[in-house]
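Below is a structure I'd like to ask you about.
Chains here go by letter, A, B and C, matching the order in which they are written, and residues are numbered from 1 within each.
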Amino acid sequence: MGGVLNEKVDRIASEFNESQQEFIVKPVYKGNYTETMTAGVAAFRAKKHPHIIQVFEVGTATMMAATRAVYPVYQLMNDAGEKFYPQKFLQAVTGYYTDSDNNMYSMPFNSSTPVLYYNKDALDKQGVSLSSSESPSWYEIEKIAKKAQEDGYECGITVGWQSWTQLENYAAVHNLEFSSLSNGFDGLDTKLDLDQEHILHHVGRLREWQKTNLFSYGGRRSDAAPKFYNAECVFYINSSASYSSVEANVKKFKFSVAPLPYYPEIEAKPKNSIIGGASLWVLRGHAPASYRGVARFFTFLTSPEIQARWHQETGYLPVTIPAYELTKEQGFYLKNPGTDTAILQMTRVTPTKNSKGLRIGNFVQIRDVINEELEAIWAGSKTASEGLKDATRRSNKLVDKFLRRNF
Amino acid sequence: MVENRPWLNFFSHFVLFLGVLIVAFPIWIAFVASTHPPEALFTNPIPIWPGPDLVKNYSEVLGSGISSAGGASVAVMLKNSLIMALAITFGKIVISLMAAYAIVFFDFPFRMLSFWVIFMTLMLPVEVRIVPTYAVVARLDLLNSYTGLTLPLIASATATFLFRQFFMTIPKELIEAAKIDGAGPVKFFVDILIPLSRTNIAALFVILFIYGWNQYLWPLLITSESSYATIVMSIQRMVMSAEADPQWHLIMATAVLALLPPVIVVVAMQKVFVKGLVETEK
Amino acid sequence: MEQQTPYKHKFLPYLLVAPQLLITLVFFIWPATEALMQSFMVENTFGTASKFVWFENFSYILEDEQYLHSVQVSLVFALATTAVSMGLSLLLAVMADRVVKGAQVYQTFLIWPYAVAPAIGGILWYFMFNPSIGILAYWLKGMGYQWNHQLNGMDAMILVVIAAAWKQISYNFLFFLAGLQSIPKSLIEAAAIDGASPFKRFWDIVFPLLSPTTFFLLVVNVVYAFFDTFGIIHATTAGGPANSTAIMVYKVFNDGFVGLDYGSSAAQSVILMMLVGVFTLVQFKYVERKVQY
């Protein structure tokens, strides 16, 4: 991985290497997720591929469809005779990477989920507060944001990774079908359904808010962050893994974290949010004996101590329940308020077929399409209905393209 | 100039001066931005005169690189770019001289075929064969290597064609004289032909050095380890790094370092370069 | 083809051409053939299975609105860049031709962009047009225009056209200047004696005599805009916003390397190869009359 995370990954690998004599794990940085994917595929075609490759969550469909290239984790662990306890894993985290029978295909490594960061000073001024474990309603957020604007704040809310936070997670939390066939888990010929009533409801409202800066679009990824850091916007929805960036950059006020808002009339009991990030996939084509090393490494990686340390140092979610318990025991959450909001949000219910995650082909390009259409909606050149219709049509075409070359 | 029209003269100078301003402005701004601390570049308007941090920024970028891009230090990148540019330049000149010599001065079967095969490379820039060339290089295990960076770029036809055109203008008398003197083809090549080609070689040196140094797509494709990154290809990664805000003062320092060597080469060898460029392309 | 009085050695010529031929075969011909073959097939991502689909890839992309859009983008980009760059260079060359003193100095400054990599040039202009801190964006805001090439497709296109044209100014300038200087002064003097103004002299005599140079530069600039500008697009707009700057070369890269759709990328490559072929043919048949076969 890049930057600071690189050292942490190296550390895990070297600790594993030191803990036993049989196998050596060598982490290699190949660039960002897209570059890694390209390098991995090319390497496989040239028969020079690694055992393990870290793939972003949007590449899940590609990996799952590559049945001849991929060695599913649950099979690997079984074949290697490693003790493997799927039930110890946080279902909401592993759900993304399991098939419809809940078999794990890849090992989640760095996962995060969106949360709501907010300007605590602004809310204190109004005399309101938000729970760090109960989702607020969107109407409550709207009210607070409007009052904040009256109090002199420029904008109400801004978001990052809008497809992920405002559409994909929105559908999951409200138990809506993002795409057919259980979001693709039951079949790759899934069809997206973005211009459905409840999604239109939310996007339409955001479009109205954009006119008065109640919502202020800031960019496709985390480009909107400065708006929150500058105390321009009072609310900021983005990944839980942004926690350390937020902490480092917010100097003028106190911030806090709450779960994602929801609409009580659409879904009375909000479901879990879905993850973003990457997981570790295993590629076939190596000597059978070497896979035992991979299995052992996975056992090491998911041990409570390693997971707890990884979670606390990076802000990514812990993959196993014991790791979460250990972190709780160590008092980490008490010392760092708001860091458990993400986990609580993910474990509040058992995932439904709509909140396990997504398995849609060509999803990288589909996210681009969704971004383009949403941008047209925010700019006012399309209505919410037109934009979402076009997004649905174009996305489904991309799924067709994907199906064409997955056989 | 036929008659003396002072206002037109003034206008000419004015336009030229404006032209130079427009052309040099981006480079000036880059230089200015590279000498300021990051805070100075976050408020509008950014300064248009140099600041105090020249040594600081450049040593930071040469030493540790830009951390958010997870890359090597710019010093390493400069080294890689230099190796790549020089290897391509010398490689291309050498094999083009040899190939042009053979095609012009020898009669052998497959001569025309060789000519056309070489000609075809003009129709096959990297951009039209990206994916399969990458696959070939990967299969030959040349990814992340100096060989992989330079070898595939050495064979394009422009230099060969230039030398060929020049060789065809060598007076027959010279060759006859050499033959009478008992000079074999190798001697002729080394002792007579190459020295005669001096100016062409010099002009090509400039053109090819710039071509090699400024390679972007190819290094981008085949290097993923930061120890092989070249400076021109790395610029994009620094600007587009996902999470952090771009550190413009360091990016601009890198950009200045990236354009300095080729600019120096062009300016220093300006006369021979201009002559060679215009004469040989026409 | 004309030849110098040839040597008749047996092995030496093969030795001499071998390096270039070998590299050409391995790194040019072989991949090009593979691209051709791949364009007729559909492969799955990891290459574990493939099937032959005849011209399906081609019909697919020729019906694809995104592909047709990128063709249009490439044309607009190429024409705009060529027009701006050649226009400016011609003006500067004409002025430089008039100016006896200091021409060398001006030339020294005007050839810098030739040495700058397209990607770097792109980044420089990208920085100056940056909506938050770019100096040009700031001046534009002062004049009432909110520049944002990250949201506005037209702004993005203007940005890359300016960056691409800027880079080519040197090349065009040098050739125009050489072309101007090779026009016999006697012709111009004769016209002046006849009473023609500098303006009339330019359009009636100079410009027509410059046409070989102009035509040559036209082809070179168009080829440049189609193929050498990948760096500019990749380093600044990445084809966006909303594919407004996705030139064909960028799309080949994006579909192949990011989208992992090798069949489509190969088909696009084949079309580009044909395009280059046409340009090369035009260049050699009509322009480079001095190259004999």
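Here, a contact is a pair of C-beta atoms (placed from the backbone, for glycine too) under 8 Å apart; a residue touches a chain by one contact, two chains touch by 3 or more.
This one's a predicted model, so the numbers in the text were calculated from it and none came from an experiment.
Asks: Pick out whichever of the two, A-B or B-C, is joined by more C-beta pairs in contact.
Replies: Of the two interfaces, B-C and A-B, more C-beta pairs touch across B-C.
Asks: Measuring between mean CA coordinates, which chain is farthest from chain C?
Replies: With centres defined by C-alpha atoms, farthest from chain C sits A.
Asks: How many angstrom lie between the centres of chain A and chain C, each centre taken as the mean Cα position?
Replies: Averaging C-alpha atoms per chain gives centres 41 Å apart.
Asks: Quick check: how many Å separate the C-alpha centres of chain B and chain C?
Replies: Chain centroid spacing, chain B to chain C, equals 16 Å.
Asks: Find the geometric centre of each of chain A and chain B from their Cα atoms only, then give the gap between the two centres in Å, rounded to an integer.
Replies: Taking the mean C-alpha position of each chain, the two centres sit 43 Å apart.
Asks: Multi-chain contacts only, two chains or more: what residues does chain B have there?
Replies: If we look for residues of chain B contacting two or more partner chains, we find 135.
Asks: Check each residue of chain A and list the ones that touch at least two other chains.
Replies: Each of 45 in chain A touches at least two other chains.
Asks: Multi-chain contacts only, two chains or more: what residues does chain C have there?
Replies: 257 - these are the residues of chain C that touch more than one other chain.
Asks: So in the complex, which bits of chain B are touching chain C?
Replies: It comes out as residues 1-3, 5, 8-9, 11-13, 15-16, 19-20, 22-27, 29-30, 33, 41-46, 48, 95-96, 98-99, 101-108, 111-112, 114-115, 117-118, 120-125, 127-133, 135-137, 151-152, 154-155, 160-161, 165, 167-168, 170, 172, 175-176, 185-186, 210, 213-217, 220-221, 232-233, 235-236, 239-240, 248, 251-252, 255, 258-259, 262-263, 265-267, 270, 273-274, 277-278, 281-282.
Asks: Provide the residue numbers of chain C that touch chain A in the complex, in ascending order.
Replies: Result: residues 42-49, 51, 150-151, 241-243, 257-261, 263 of chain C touch chain A.
Asks: So in the complex, the part of chain C that touches chain B is made up of which residues?
Replies: 1-10, 12-14, 16-17, 19-21, 23-32, 34-35, 38, 88, 91-92, 95-96, 98-100, 102, 106-121, 123-128, 132-135, 138, 166, 169-171, 174-175, 178, 185, 188-189, 192, 198, 216, 227, 230-231, 234-235, 238, 249, 252-253, 256-257, 262, 265-266, 269, 272-273, 276-277, 280, 288, 290-291
Asks: In their shared complex, at which residues does chain A touch chain B?
Replies: That would be residues 2-3, 6, 28-32, 35, 39, 42-43, 45-46, 48, 221-222, 226, 245 of chain A.
Asks: Flag every residue of chain B that touches chain A in the complex, lowest number first.
Replies: Touching chain A: residues 67-70, 134-135, 138-139, 141, 224-226, 241-243, 245 of chain B.
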